[in-house]
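The two complexes that follow have chain A in common; it is paired with chain B in the first and with chain C in the second.
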Partner chain A sequence: MRVEVDVPKCVGSGQCALLAPDVFDQREEDGMVVLLDESPPVELHDAVREAAVVCPAAVIRLVEQ
Partner chain B sequence: MSPSDLQDFVLKRPVNAPLDPPPVYATLREGSPITRVSLWEGRAQPWLVTRWEDARAVLESPSFTVNPDRGAPWSLSEGVVQGSRGFFSMHDDPVHSLLRRTLTRDFLVKRIEAMRPGIAREVDELLTAMTKLPRPVDLVKHLALPLPSLVICDLLGVPYENHEFFQQLAEVMMDVTRDGESLAEARRTLAGFISEQMEAKRDAPADDLLSRVAAKVDEGIITASEAADMCSFLLFAGHETTANQIALSTVALLQHPDQIPRVLGEPADVANAVEELLRYLTIAHIGVQRAAVEDVTIGGVTIRAGEGVIIAIHVANRDPRVFTDPDRLDLERANARRHLAFSHGIHQCLGQPLARAELQIVLPEIFRRLPNLKIAVPMEEIAFKQDTKAYGIRELPVTW
Partner chain C sequence: MTDTPDRVVIAGASAAGLSAAETLRRSGHSGTIMLIGSEPVPAYDRPPLSKEILSGAWTPDRISLRTQADLDALDLDARYGVAAIGLDLATRTVALSDGTEVAFDGLIVATGVRPRKLPGAPARVLRSLDDALALKDSIGPGSRLVVVGAGFLGCEVAAVAVGLGTEVIVVEPAAVPLAHAVGEDVGSMLAQAHQDRGVDLRTDTGVAEVVPAGVRLQDGSVIEADAVLVAIGSLPNTEWLVGSGLTVDNGVVCDEFCAAAPGVYGAGDVARWDNPLFGTSMRIEHRTNAAEQGMAAARNLLGAHRPFAPVPYFWSDQYDMKIRAYGDLRGHDEMRVVEGSLRERRFTALYRSGDHLAGVLSVGMSPKSMRAWHRAVAARAAWLEAVPDTPSSTLGATA
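Take a look at the complex of A and B:
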């Protein structure tokens, strides 16, 4: 799975950082998403998929391989 | 179709089902998922969206505006000055993002986590005071209302010695029996108080929201008046809403006593229980409003430029396509997190991590500290707030 984030669309809700903290973090100055791991291990895939669904601004794009 | 043929957009719930949306909406969701309804005795006929997928589609679409000046149907919130950029929930991007981003740093998941000990302390103090009062005690007045305003004080950085003053102002503004002039007076006093606090932060900046917002004013990103409006907005947005959710959650849990152990369990179980209570109760029962800025098709229906839309998030949160047995409160529900209680899209509630933290802390403590908690009046006599912008309870006499 490859993860992409469209940072300009992010509103800083932090749901992704809550659901998959090893994959997503928030920028200190404004809470915008920081992608920590663009190829997360398989045990994190469910959490990442959930983050993509609940993201309010549809920022997370997953390329499932 | 004439206005009189349309279903009225109603808020009132039957006495025997106060925690479910009015029954007519489930029928609409199944039969006419995107349909016109009548608002203000037919003076407006917005579209009503009731399915989860369609709700998200509208809220993710750039073809809609939140701005009442561009047709978004609902009346303005109390105390909101139309047009003020400080009330950024009524503005589209780029104004919305500009204003919102001055605050997102203070709502970082990490920062809210750091507030938990302070929230726990406030809960403890309020519950201790409650246990000393003669029973029955009004849970709304003594816990549900004061907690969120104290927490907002902490977030803003209002000094402890001003908490009582801030609390009293907040109380006046929540009081629906007050006349327009005394409410306006309270709002002016609040705006003045916030401005003074920001001035003090300039001389002695701290690691808090007021200091950061004061710095943005100095940088010329926002005006002092917009900053004061934003801080008032945070208070309005986070006070009665959270209080209502606390009170309603207490009632909902008491109606499902076999599930109360879940809120006394592991943090992950408590967190999931809170999500399910958010889904089940969805207090924003006037829905979320938008207007189309261009013709757009949602769920096969074409909504024309200028037409208003009400997204009934409380009804979408009971969509059987997403939530199995949706009208059942199930604190172990695996996909509870997919609820729309905080809405969706770029305007999704900024305060949600704070609301979650408060609920995750206060609900277990209520049941831990007040054993054999009971509501002191019959269910049919509980004063539910049927026609306020956020559904809730006016007073909740409890005993234990």
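Take a look at the complex of A and C:
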């Protein structure tokens, strides 16, 4: 799995960082998404997929390999 | 599971319906998924309509929630521009506006809400992309806009419109805008922010009807306008469920698993369900809830049997203020600013209901710092633990 984020669309809700804190973080100043791991290990894939579904701005795109 | 539904119908193709469809596929559902959407296009994001779309910062192509390739990969039987108009639980069929009937083993009700309207002449509302583009065409320098209702939607539109040089009058029946949602102190702060930017905010003012020249107030006077936006809340789209046997009471009534009947689940703006975290029934029109509840409903349709107990979250952009809130602030007993100040319009405020921390709202603070409060609300933290320095004398009697 490869993770892509469209940062300018991010609204800083932090849902991704709550669901998968090892993969997503937020910038301190404005809460925009910070991608920590663009190829997360398989045990995190479910949490990452959940984050992609619930992201309120459709910022997270997954390329399943 | 032995009774996994083969044919799933999802009535409603916006954020909740899309989330349900994706969750079904991700959970291994290999049967058919029929996605029925009353709008003629696939799901798009609504929060930007009153922000980036209205201001012109974004073009409409930016708000698609998924690419066509992503949608194709879900292998949906998608029917756009078609509405669900009837439900028969005995035959397990949904009647569609194109005259056809479709059978289901599992159904997800995600038909959303529509704007409440006022009597009289036609006025603008803001729910769809077309609504936003039409409103955008009628604001700007030299134009006068009356916004009826100073809720979050009305306030966001007022902020964008005044920023584009529009003369904006906001008419609100309550004394303090948004007081029911965020409390009087925060509501007053927001009202002042709008007035500082030149919005003519008229509180304690009820509108009787829309007239061709503008709006007629309850005292009989008329405010003239080039355009009128009615932003006085929404009504759940449940008419198609009347007589079906499902309980409809300001939304389709669901249990803590989002179930409205065996094999029938509700999700998104249209669903009222029992949130076990707060021990109360809720119907939430927040963007994040739509996606989360679509996911929960789909999982439970497949047999997960997991209560849906989210911490509600919403955000609002008004001028340079980023407002973010977690929890259930409605009907709170006390609000306390714990960081920053209302005067600076930069603060974190905690909300108490009974003995518990019910929610948190911040303006202009680091969103990251909100996560600890989210955890505290999710853990049903006691107020006195969340605010350890609270003098007990200010707490008053608690339920």
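Here, the second predicted complex is superposed on the first by the 65 of 65 C-alpha atoms of A that agree within 3 Å, B and C clash if a C-alpha of one lies under 4 Å from a C-alpha of the other, contacts with A are read in each partner's own complex, and residues count from 1 in each chain.
Assume contacts are C-beta pairs under 8 Å (C-beta built on N, C-alpha and C of every residue); 3 or more make two chains touch, one makes a residue touch a chain.
Here the structure is a predicted model, which means the values were calculated and not measured.
In the model built by aligning both structures on chain A, chain B clashes with chain C. In the superposition on chain A, contact is made by A:Leu18 with both chain B and chain C.
Look at A:Arg49: by the touch rule set out above, it reaches chain C but stays clear of chain B.
Judged by the touch definition given at the top, the superposed model places A:Ala58 against both chain B and chain C.
In the superposition on chain A, contact of A:Val7 is made with neither chain B nor chain C.
Look at A:Gln26: by the touch rule set out above, it reaches both chain B and chain C.
For chain B, the stretch among 20-28, 254-262 or 380-388 that collides with chain C in the superposed model is 20-28. Under the contact criterion defined above, the residues of chain A that touch both chain B in one complex and chain C in the other are 9, 11-14, 17-18, 26, 28-31, 50, 53-54, 56-58. Taken together, the chain A residues at the contact with chain B in this complex read 9, 11-14, 17-19, 26, 28-32, 50, 53-54, 56-58. Those residues of chain B that touch chain A in the shared complex are 59-60, 97, 100-101, 104-105, 107-110, 337-338, 343-346, 348, 350, 352-353. Per the touch definition, chain C reaches chain A in the complex via residues 15, 19, 22-23, 26, 45, 47-48, 62, 64-67, 70, 287-288, 291-292, 294-295, 313, 315, 322, 324, 366-368, 370-371, 374. Residues 9, 11-15, 17-18, 25-31, 49-50, 53-58, 61 of chain A touch chain C in their complex.
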